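Below you'll find a set of structures to go through.
Note that chain A is present in both complexes that follow, paired respectively with chain B and with chain C.
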Partner chain A sequence: MTRQKRSHHRLKRAVAPYLYLSPSLLIIGLLMLLPMVTVIGYSFQNSAVLRRDPSFAGLKHYQAIFADPVFWASLWHTLYFTCMSVVFHMTIGMVFALMLNSDRINPTLRNILRVLYILPWLFTAVIIAVIWRLLLEPNGVVNSVLMQMGIIGSKVEWFSSPATALHAVTFANIWAGYPLFMVSLLAGLQGIPRDFYEAADIDGAKAYQKLIFITIPQLMPIIISISLLDFIWTMQVFPLIWITTGGGPIYSTEVLSTYTYKLAFSSYNLSQASASAVVILLISLGLTLLYIRYQKAR
Partner chain B sequence: MAEVILENICKIYGNNFRAIDQLNLSVEDGEFLILVGPSGCGKSTALRMIAGLEDITSGSLRIGGVDVVDMPPKDRDIAMVFQSYALYPHMTVSENIAFSMRLAGKPKAERKKRVDEIAKTLQLTSLLDSKPANLSGGQRQRVAMGRAMVREPAAFLMDEPLSNLDAKLRVQMRAEITSLQKQLGVTTIYVTHDQIEAMTMGDRVAVLKGGVLQQVDTPKRLYESPVNAFVAGFIGSPSMNLFEATLMGDELMSGSFAIRLQDAAFVRRPGLRSYAGRKIVFGIRPEDLYDSSLESGRKYQTIPAKVTSIEELGSEHIVHLNIDAVRVDSGDPDAVDDFGLASNAVARFEPVSAVHSGSEIRLAVDDAKFHFFDPETHLAI
Partner chain C sequence: MMFRIQPAMLKIAAAAWLLGATGAMADTTLEFTQWWEPELPAGSLKAIMNDFEAANPGIKVTLVSGPYATTRDQISVGAATGTLSDVVGLDGAWVNNLNAQNALADMNPMMDASGFDKTQVADIIKVDGKAVMFPVASFVYPVFVNMDLAAQAGVTKLPSTRAEFLEAAKKMTHADKNQYGWVLPLSLQTPSGVQNDLMSWVWASGQSMMADGKPALEGKPVVDMLTFVKSLNDAGVISPGIATKTEQEKVEEFVNDRVGMMIDSLAHVNLIRERNPKLNFDLIPVPVVENYNGKRGLPYASWGIGISAASKHQEEAWKLVQYLMSEKVNAKLVSLANAFPGNVNAKPDFVTSDKAFAKAFEIYKTGYLANEFTGLPVAEDLMTKFDVEAQKMLAGEQSPEQAAANAQKGWMAKF
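Showing the complex of A and B:
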């Protein structure tokens, strides 16, 4: 092979992977990167979108949202909503996965439970929101049952009272999201070698010691991966909150996604909405980097 | 340390499958007993029943004089080494070894002292902070041993602990486990399907087939006096050659050849005379067949044979042959591997033998080394 032919061959080999990647790169660029860069650009402009020749605003819109108490309330609500959701998704998912993996449960009952436990995953966010709005209505089933059991004395307006609204939407989100953890942890549990538990039995381990010393450490890679992903996804939840409470009453369930939406489409302050969207982007980016770093470390 | 006694142990699964049938075994204090047999013979089930990982359907099991049938594994005073080692990958070597002490709530200093002692015995001191994933197969095996030793149990149970190692390391670990067992003097029950491990490691060997105990004896007696054709075929590698023949007077007639038996054969086995004029199964080990052209084979009777293939191992030649006789299946599924499609006998020749594949030879037979079995029951005569 001549030198020219060889270098041509080498060039072809170097370019080929990028050619294969180019369709997906193009789509990602057009549908994700371009809007993202545009929104970042808007956040530094006055009257973005609304005016043809918007002027440069510097960090003005960032200063404005950071000075807005509703933004800080939204941030706090987002963190509460997200943290509680992730913790309970994991706890409930783990309990149900352990139950479904147990030999002590009758196989028929186990199959029925498997279907029942996974049901919330089959519904879209809109249906979940409608179901819980109906259930948690002042005259709904939940109030009626709780009153009959004597747990509450009078009807509670779960979604309309500032004291309970955030807890109520968080509860609905926990109900909707635990199956992802349950399914992932169940797959992980089924992958733990039986020998580990038998060796522990011989060594005299009690059930809780097997959970602490074997099951949880063995599931840790799954727990960390799914928790990080759930954190990223839950931070961005919009339809469930929008349909159940719309961020109210009196901003008590306002989260960063509804706060940004209102700035953009209720107040038409697209520049400030962009700044708020960039803040969400930065928080999500931080978590994503953490996730990638963890995956690489494995 | 203790003796382990199994009396009429049975294991019947839900589908009425009898995995173990009336197993009676007595393992003496400090003895190294090997449970051996082909895949599915029930040897691992028997071990797991002793460990308490499998329920006993009926029978009695005593460890150190205590009936342990209804006891959970932790109370049986045993330690087990698993085939997979069952080392916890998230724990260091030291944490793995000390796990049972940690569960028992032993103080950290006591745990460290004991782990250090064991690590010294097993030459693991420099690896105490490593995770199992960073260890070689042999090192993992030693950690598994350490985890068993730390409990100072009455008996060690080992379930094919060397089967994951390569051939060379297996030879080394065989010697290490044997000498460690002698040093510790702990009663040990060791399960394997590898009859070389069985012959080289154990004080006594128990051979199982289809859940039924066939013979318990020292390796030497098992090799020299198998009680039936299965044990004869299973113990020894390559397996014993087993053929069908008819006993006519003092001659064994098979196909186109006859072998005259010496009087000593009838004196040693008085029952042999009763087979006169009847079919009989005779067996001969590969090392008792010789190349008649060599000095070693000159003194024996010869029969015609055709060489089908040769494995030259350096120290010896494993020669696959075809002789005019009907081969008898010992019932050992692994024995089939010793014979090719075209051969029905295996011989072990000296490396100076010049036979080659395809040649017609005279095969010298040391008839004094014959084993005889009943053709129906396959029991030794």
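Showing the complex of A and C:
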């Protein structure tokens, strides 16, 4: 083989993977990168989208949203909503997964519970929002039951009171999201070799010691991966909050997604909405990089 | 049998093709974007367009229809990119923004050139002196009263003033039975409750939330209205869940005998009857302040129409607008929509055939249409800002005066 042929062959080998990847790269570029870059561009323009000749605004829109107390309230609500959701998704998911993996529960009952526990996952965000609005409305079932049990003395406006609204939407989101953890952890539990537990039994380990020293360490890769993904997804939740409270009452459930939506479609300030969207993008990007680093380290 | 093509047949075919081709080339196709078609009986708007095409040979109309919110977003983007349809369905709340983008044509020259009789239209929405929108159909917002609940509560005379309304609402309220006198939807998801359920009290008494084209929320009319609403809330006559209640939920509560009175669109009459055929209700105008005897402002929402400034067929587009605003066609359209006409001479058929509509038409004729949000910049944003301050007031965080002052501050930033 001549030198020229060899170099041609090497070039072909080097280019071939990119050619195989090109359809996916093209789709990613068109559907993800292009809109992302466009939105970043809008955040530096005055009257973005609304004017055909928008002028350069520099960091003006970022300064405007950072000076807005509602933005900081939204950021705080987003963090509260996300952290509480992830912690409770994980805790409830773990408890239910352990329950479904336990030999002490009758297999028939286990199968029934498996179906029941996974139900919230089958509903769309809109259905979940409507269900919880009906349940938690002042004249709804929850108030009625709590009043009959003597837990509350008068009707609580769960979604309409600034004191309870954020907790109420977080609760609805916890209910909607734990099955992801449950299913993932159940799969992980079924993959832990039984030898570990047998060895622990021989050593006289108690149930909680087996949980702390065997089960949780074995599940840790799944817990971290799913927690990071859940954090990213929950941070961007929009329909559940929009349909239940619309970001209110006052601004008590305003999160970054509803704040951005209102800027875009209520104020028609698409430049500031883009700046807010870029902030969400940066936070999500940070978490995604963390996730990728963790996956690589494994 | 062999089929032979005769030269004469060829000639006829060629002539037919030529006629068709030139005819097609001569046709002007108008694009008409609106949200009305899905809200009208199936095929009815298309039938009106077919009649228009028959009356105006050479003009074709393509309907671009979608739900209200989608249409709004589509029009915003179309205005920015210069791709707005020739004729557009408009909400009064949008026109200021669209005008700022120079997206709407001034219909004044078209009216003058065609000798259009301006006295036949109920209103012409103007921004910066430009005639940008005609209300084609108006949906008024009277007070719906559950007559059975009123009778049970001993309300024999339906309220005409705010004080009477408070008294009637108190009588109709039985919180232990989940029954309340009034319902107020102030969800931030759709802040139109500010326009329909709050400001309507101001307009009903012939008052205004504006002064010299600027917000005047700290003035007596708005502060008095907020004080009145606070007194209703303090009296416990408003159905709970105000801050997240939507218009649909308001109607549901009324339909299910859970509230005695609500301010609502006349467009919901048929829906209410469908949901609860046994419901015995009547319509009254929005009550007024004490000793007010003038004409009552009647809140309304409208299907407006305008022409794109970028349209290459403005002459044809104007023909379509004129057609829809003409007496007979307008009457036909509003009869289908259960709305009140944009042409003052048009008389919809439901007015004579239906008691509730007849009553509403009477209220409409004795009052005047009032919606000061029409033509304001970012009207929905203004409603949201007012909504938040009203919610704070109802939560006991501030007084009506403070709510009005804070809302004024928020609004001024937008003007």
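Things worth noting here:
Everything below uses one rule, namely that the second predicted complex is superposed on the first by the 298 of 298 C-alpha atoms of A that agree within 3 Å, B and C clash if a C-alpha of one lies under 4 Å from a C-alpha of the other, contacts with A are read in each partner's own complex, and residues count from 1 in each chain.
Just so we're on the same page, a contact is a pair of C-beta atoms (placed from the backbone, for glycine too) under 8 Å apart; a residue touches a chain by one contact, two chains touch by 3 or more.
Owing to the predicted nature of the structure, the values given are computational and were not obtained by experimental measurement.
Model built by superposing both complexes on chain A: chain B and chain C fit together without a clash. For chain A, the partner with contacts to more residues, out of chain B and chain C, is C.
In the superposed pair of complexes, A:Asp201 makes contact with chain B only, with no contact to chain C. Seen from the CA centre of chain A, chain B and chain C lie at an angle of 150° in the overlaid model, rounded to the nearest 10. In the overlay built on the shared chain, the residue A:Gly188 is in contact with neither chain B nor chain C.
In the superposed model, A:Gly247 makes contact with chain C only, not with chain B.
By the touch criterion defined above, A:Tyr268 reaches chain C but does not reach chain B.
In the superposed pair of complexes, A:Gly93 makes contact with neither chain B nor chain C.
Once the two complexes are laid over each other on the shared chain, residue contacts for A:Asn139 go to chain C alone; chain B is not touched. Looking at the shared chain after the overlay, A:Glu157 reaches chain C, while chain B stays out of its contact range. With both structures placed on the common chain, the touch criterion links A:Phe213 to chain B but leaves chain C unconnected. Per the superposed model, the minimal spacing between any CA atom of chain B and any CA atom of chain C is 50 Å. Remark: chain A residues 49-52, 133, 137-139, 155, 157, 159-162, 165, 242-251, 262, 265-268 touch chain C in the complex. For chain B in complex with chain A, the touching residues are 51-53, 72-74, 78-80, 82-84, 86, 88-91, 99-100, 103-104, 147, 151. Only residues 193, 195-196, 198-206, 209, 213-214, 217-218, 220 of chain A touch chain B when the two sit together in their complex. Chain C contributes residues 73, 76-77, 79-82, 97, 101, 178, 187-191, 240-245, 258, 378, 380-381, 384, 387-388, 391-392, 395, 397 to its touches with chain A in the complex.
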